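Submitted below is the structure of interest, expressed as structure tokens.
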Amino acid sequence: MTRRTARRDGVTTQSWCGKICRIVSLSLLGGICIVSLACEREKREFATSKPAESSYVPTSGTLQPGPTMVQSANGQPLNIPVIPATDGPYAGNAYGIAQGQRLFDQFNCSGCHSHGGGGMGPPLMDQDWIYGSDAAHIFATITEGRPGGMPSFRSKLTTDQVWMLVAYVQTLSGHGRKDLRTGRRDNMQMRSSEQNTQTPPPHAVGTQ
Amino acid sequence: MNSFCLVMAALAQPLPWIGEHSALDPSGTASKHVASLWWAMFWTSLVVYVIVMIALGYAAFRRRTNAPADATSSERLTPAPRSVHLTVGIATGVTVLILFIVVVTDFFTARAIATPATGAVHIKIIARQWWWYAVYSGDTVPQQQLSVANEIHVPVGKPIVFTLTSRDVIHSFWVPNLNGKTDAVPGYESNAWFRADTPGVYRGQCAEFCGLEHAKMAFTIVAESEEQYNKWYQAQLAPAVPTTDSLRSQGERVFMTGTCSSCHAIRGTGAGGTLGPELTHLASQRTIAAGTLQNTPDNLARWILDAQRIKPGAAMPSQELSSRDLNVLVAYLEGLR
Amino acid sequence: MTAAMSPASRGPIDEDVQELARTWSRPPGFWGWLTTTEHKSIAKRYIITAFTFFLLGGLEAATMRLQLGRPENSVVGPDLYNQLFTMHGTTMMFLFAVPVMIAMGLYFVPLMLGTRNVAFPRLNAFGYYTYLIGGAFLYISFFCNTGPDAGWFNYVPLSGPMFSPGKRIDVWAQTITFTEIAALVGAVEIIVTTFKHRAPGMSLNRIPLFVWAMVVMSFAIIFAMPAVATDSLFLALDRSIDTHIFNPAEGGDALLWQHMFWFFGHPEVYIIFIPALGMVSSIVATFTQRQVFGYTAMVLSLIATGFISFGLWVHHMFAEPIPVLGESFFTAASTMIAIPSGVQIFCWIATVWTGRPRFQTPLLFVLGFFVVFIIGGMTGVMVASVPFDLQATDTYFVVAHLHYVLIGGGVFPLFGAFYYWFPKITGRLLSERLGRWQFWLFFVGMHVTFFPMHTLGFHGMPRRIYTYLAVTGWGPLNLVASIGAVIIFVSVVLFLVNVAKSWRGGAVAGPNPWHGDTLEWATTSPPQSYNFARIPVVVGRGGLWETPDEQPVVGGLRTDTREVLLTTLLDAEPESVHELPTDSIWPFLLALCMGITFISSIFAPWGALVGLGLGFLPALGWAWPTKPPQPERISPERAS
Amino acid sequence: MTSSATSSRVPTMKPERVVRDVSNLPTIAFGSQSIAWWGTIGFMVIEGFTLALCAATYFYLRRNFSAWPPEQTPRPTLLIPIIQLGVMLVSIIPMYLAARAAYRLDRSGMLKWLLVEVVFKIVILVLRWYGFKALNTQWNSDAYGSIVWTTLGLHTTLLVIDAAEDIGLVIIILTKMRDRLFSDVTDDAIYWYFTVAAWVPLFFMLFLTPYVS
């Protein structure tokens, strides 16, 4: 007796199709907002030179601890550019953060901060921020220097390089998304990479 | 075999499209061997190719008695006559023979241009992302070991031995006119050599994809006579002459107090940065930015002010200098003979 | 009612054929499209998707040629150019060349073997969906600036975590995993179908050369793809959870990547080339109305090519610090592989010599194949020598060589196969006039684009540079190459016009328009869903040319379930019958679940483990019996 | 292009003459006669080759080290791995008995031994969890740790897939038993023999060679 079996369950499957389409459209919607994050993360734009705003003659160039108030050559107080409260151009950019990591190693920041763990300089991975933890404060700390040993890098780094360092330093302490952070370095392993360290978000702490 | 290659190489000289900067216009012993190997293989292949094409052409277009439509079914299946079997057998045998000869020639050429154990000059090349750092490591006395960037002078007629390594990614050290390429691999020390027979300026380029500016990572080999090379070597060893006139001293101050001294070094002054090339004798070099620009004052100014527009992604940032600072800086740098 | 055991002697009466058509048809509409397991519709989809990626890869190449047309051009910056040439390489190698060859196999191997479907129909659907998800994922990432940018070969440490920030290289690694799974699935399909599903009487020496080529390709895939899978797994681990396999400072090794990649890389270009040899054999036999000369020599050459291709991967790494003795071994192996190719070319020429060639478009493309591929083969033998390779590798000389062997050895036979089998797939003939125009434009464009690159290579132009200085003197020849690229672009557009015109409006092609000898010409055009009303019996290697007036067939296969005949490995004696699984949505869902797993593992490495766990449910659903139990016949003396 | 479902036109090919009748051939095949067996062999070759490549990488990276395992890394402890190897070798017996029962079409015997086998596999997976600790190194410590963990991880995915396949078979046998499952169980057995066979050389490589050099 030949048996007709193939087609019986055809009808019930139509409702499945509706469910599948709804799931697919939902996931598409979710996908689009993830995609926009990716575009920002992967941008590689190279900061071409802007006309030099602060044209001042730098004071003596030796790297001694930064005085609280930088004096220009002829004694007038400096017009320190007010830094707007921004996250910095490289906050959400993986390329900028990777360049920040390169500068952190090349300019021997690890000499005092030792890859974020702290040594002569305070640790950068924990949540104790003496001079403020958001981008503008870190920018000021790097350019002006701080009493207690942090030298002023004002004339030693261009503004973009400082912003890259700022973006990288923030990822050391858990700021920003995990997929932005840098992976392991191609040299001896000092600590697990920024990408894989679970660090609590920073908060301000009073100066000792 | 060798004379046959030289004759072939001579035949190729007048071909119009061979420019000066080419592996087919060899001026090094190694590249001469390779060029003659190439011409030997080229003419052999051409002959074989022509024969095969003639056979194919004749097989396809020879006259036949009746049209394909009415080819009888038995004709489709009958085995081919013995002569066709014989021809295919002979052709295969000849192919094997030619290939065997080619392999043997390869071995002899490879042996002929093997890297010599010792050379007149030992140079250690450290390839970095997008420029070349060379250290003349032959001399035992450290003060006599000269280190230069991107422009390497060598004495003519002497074998120069290189030890290649890389600081970051894989690069490839290659001067088409002088020898084949050798990769600089991080974690490895590879050896290369060449001997320039005719003096001249030869252009080399990184040949292994190494990132954003792989295209602008060239270097220059200047092959010159023995005494010119020694004169150049001693001149490069000398520290920078201290500045006297006021304009250049202002430029020096901008250099020392500005961002330049963080990365570049000038022997004889306070600047000791090792991240970028050494600029002690910048003015004596033919090109800047790893062979990207000719070394002229306005090119230097354009490169300092806006490096990221010329080589986007390079480690050299675009500087924020007022035009006055820029002019005095360039004046100072032009003085570094 | 007609008993299932319809008496074997009577011919296929109408009612039987109608029931077969009903049993083998798929549910209507999009749901049917999603759940079908019929090898022809999946293979057709494969070919169309692969060809779309070919067009995308072509556009990337056109943009690159625009940028390189003039020195110091500014059409694209270095970052976009690096993404473009990586996407061009990855698309052409992983998303076009290998999948389209597997797809042609999945379409024609069952037809040529005289069976009704591939061995594992649902696995076939799963393979296609994995490939589709991989390709879509790569291109969605590329359109939001996350396309890989370290070359299709992706050398470490440039592609390592330190020098490739962001998720670009992770996208590349996951795409490789998708396409590799799809290729492996296709390879297992083709091998098992050829071993067990052959029509009775088709012993090993009667298998068509096209099927031999597909089987050799499949074995090459099975041994090559795991190498790139393991390699991309190591890289993905290095980039996500700090392993040090490629970190020179912690004992890792930068050359390890190259060894593993090229151990896969070189067999892969032969995976692309060997099926093309099968296509050339089919076209040469049909268009000269003569059996290919030296069947045994051809089969042994195919196997030799596939075998030797695993022994010469180091010729991609002659410039690396590798011991010289090792390099000379690979020189010998690289030169030796030219012998089997030479034997095949001589056999084809002998076939043309003894046959009566008809110069229609498929044969034109095969003649184009001869002219272009032999040049590429010869430059290949030259590049096999270490001293010459040190001058030529990583320059445009090698770019010229690889395009001559890949376009000449792969794309020319593929276009010939499209023109040859388009009538069988769609029932309509492609127009000869447009075909000739396309051939000559493609042939001329190919030479104008890639022949000058030989000279550019000698002048020291390295590969993968986004621009070059005017002082280098490479400008004029690059302009010529860019013009050639435009000609190729026009010819591909012409092909699309030809396909569009002929898909519905072409001349109606009967079952056997070219009077071919292989079994797919015994079916209607396009073939019925069940391929053959009755499974044919093969009487000789000549196929249709050799069968007597009455086609011998096999009777007794049930028509109310999807039943296929399994035959022994050597002599294809009928051994058992096998009921194939019905259409099902589970392969699509398992592919979707695997897709989500691998993509999420980029952002959260533990995602991969969770996903594998979740994968158990669709897998269980896939294996879940849906039809009620029916009486089975189990032979008493069972093979252990 | 969906072919029309009920094409009335019978393809007018050459007239056909039936020369063979296959209506009485067996529908369930065992061993190399069944295509599922060939499919299993295919995937075993692929996974075996992947593990072989991991072993090749292991010995390739070993050349970069003066001491193997590196100086400050202790050698792997052997207790748990040896126990696990023993349990895996023992677990071949219930698998073989399940396959024999399946071969004899004895559903209850097959089910019984399969359940025993599932228990064995869960025990093996637990032992493997401690096996990772026995390596005495982290995956991100150095190249040694990385390749050792990766190789062990890949083999563990094989174990997990095997266990999942057994559990799936048990579920289907309990609910929707079909004669075809007898053949599937024999193929599953072969897959397990392969996994155990692959583990023996890997065990010597990962756990014993550090003691040899």
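Order of writing sets the labels: A, B, C and D. Residues in every chain begin at 1.
The definition used in the following text is that a contact is a pair of C-beta atoms (placed from the backbone, for glycine too) under 8 Å apart; a residue touches a chain by one contact, two chains touch by 3 or more.
Because the structure is predicted, anything quoted here is derived from the model rather than measured.
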Task = Go through the assembly and pull out the chains touching chain A as well as chain D.
result = C
Message = Going by the touch criterion stated earlier, list every chain that contacts chain B and also contacts chain D.
response = A, C
Request  = Report which interface contains more C-beta contacts, comparing B-C against A-C.
outcome  = B-C
Remark   = Comparing each chain's Cα average against the average over all protein Cα atoms, the nearest is chain C
Query = Centre to centre, by mean C-alpha position, how many angstrom separate chain B and chain C?
reply = 37
Message = Using Cα averages as centroids, what's the distance between chain A and chain C in whole Å?
response = 44
Remark   = Expressed in whole Å, how far the mean CA point of chain A lies from that of chain B is 38
Task = Indicate the whole-number Å distance between the mean C-alpha point of chain C and the mean C-alpha point of chain D.
result = 28
Request  = Any chance you could list the residues of chain C touching two or more other chains?
outcome  = 4, 22, 79, 157, 162-163, 238, 241-242, 244, 247-250, 252-253, 558
Query = So which stretches of chain A touch two or more other chains?
reply = 44, 184, 186, 189, 192, 196
Note = Residue ranges of chain B touching at least 2 other chains are 168, 186-187, 212, 312-313
Query = What are all the touching pairs of chains?
reply = A-B, A-C, A-D, B-C, C-D
Query = Taking the complex as given, what residues does chain A use to touch chain B?
reply = 44, 46-50, 52-55, 58, 60-61, 102, 106-107, 155-161, 186
Message = Under the stated contact criterion, what part of chain D meets chain A in this complex?
response = 140-142
Request  = Would you tell me which residues of chain B are touching chain A in their complex?
outcome  = 168, 186, 212, 256-259, 261-262, 275, 305-306, 308-309, 312-313, 315, 317-322, 325
Chain B - residues contacting chain C, complex = 17-19, 21-24, 30-31, 33-34, 37-38, 41-42, 45, 48-49, 52-53, 55-56, 58-60, 62, 64, 66-68, 71, 73, 75-77, 80-81, 84-85, 87-88, 91-92, 95-96, 99, 102-103, 105-107, 109-110, 113-114, 129, 168-170, 172, 174, 176, 179-183, 185-191, 203, 205-216, 292, 312-313
Note = chain A residues touching chain C in their complex are 1-7, 9-10, 13-14, 16-17, 20, 31, 35-36, 38-39, 41-44, 94-95, 97-98, 178-179, 182-189, 192-193, 195-196
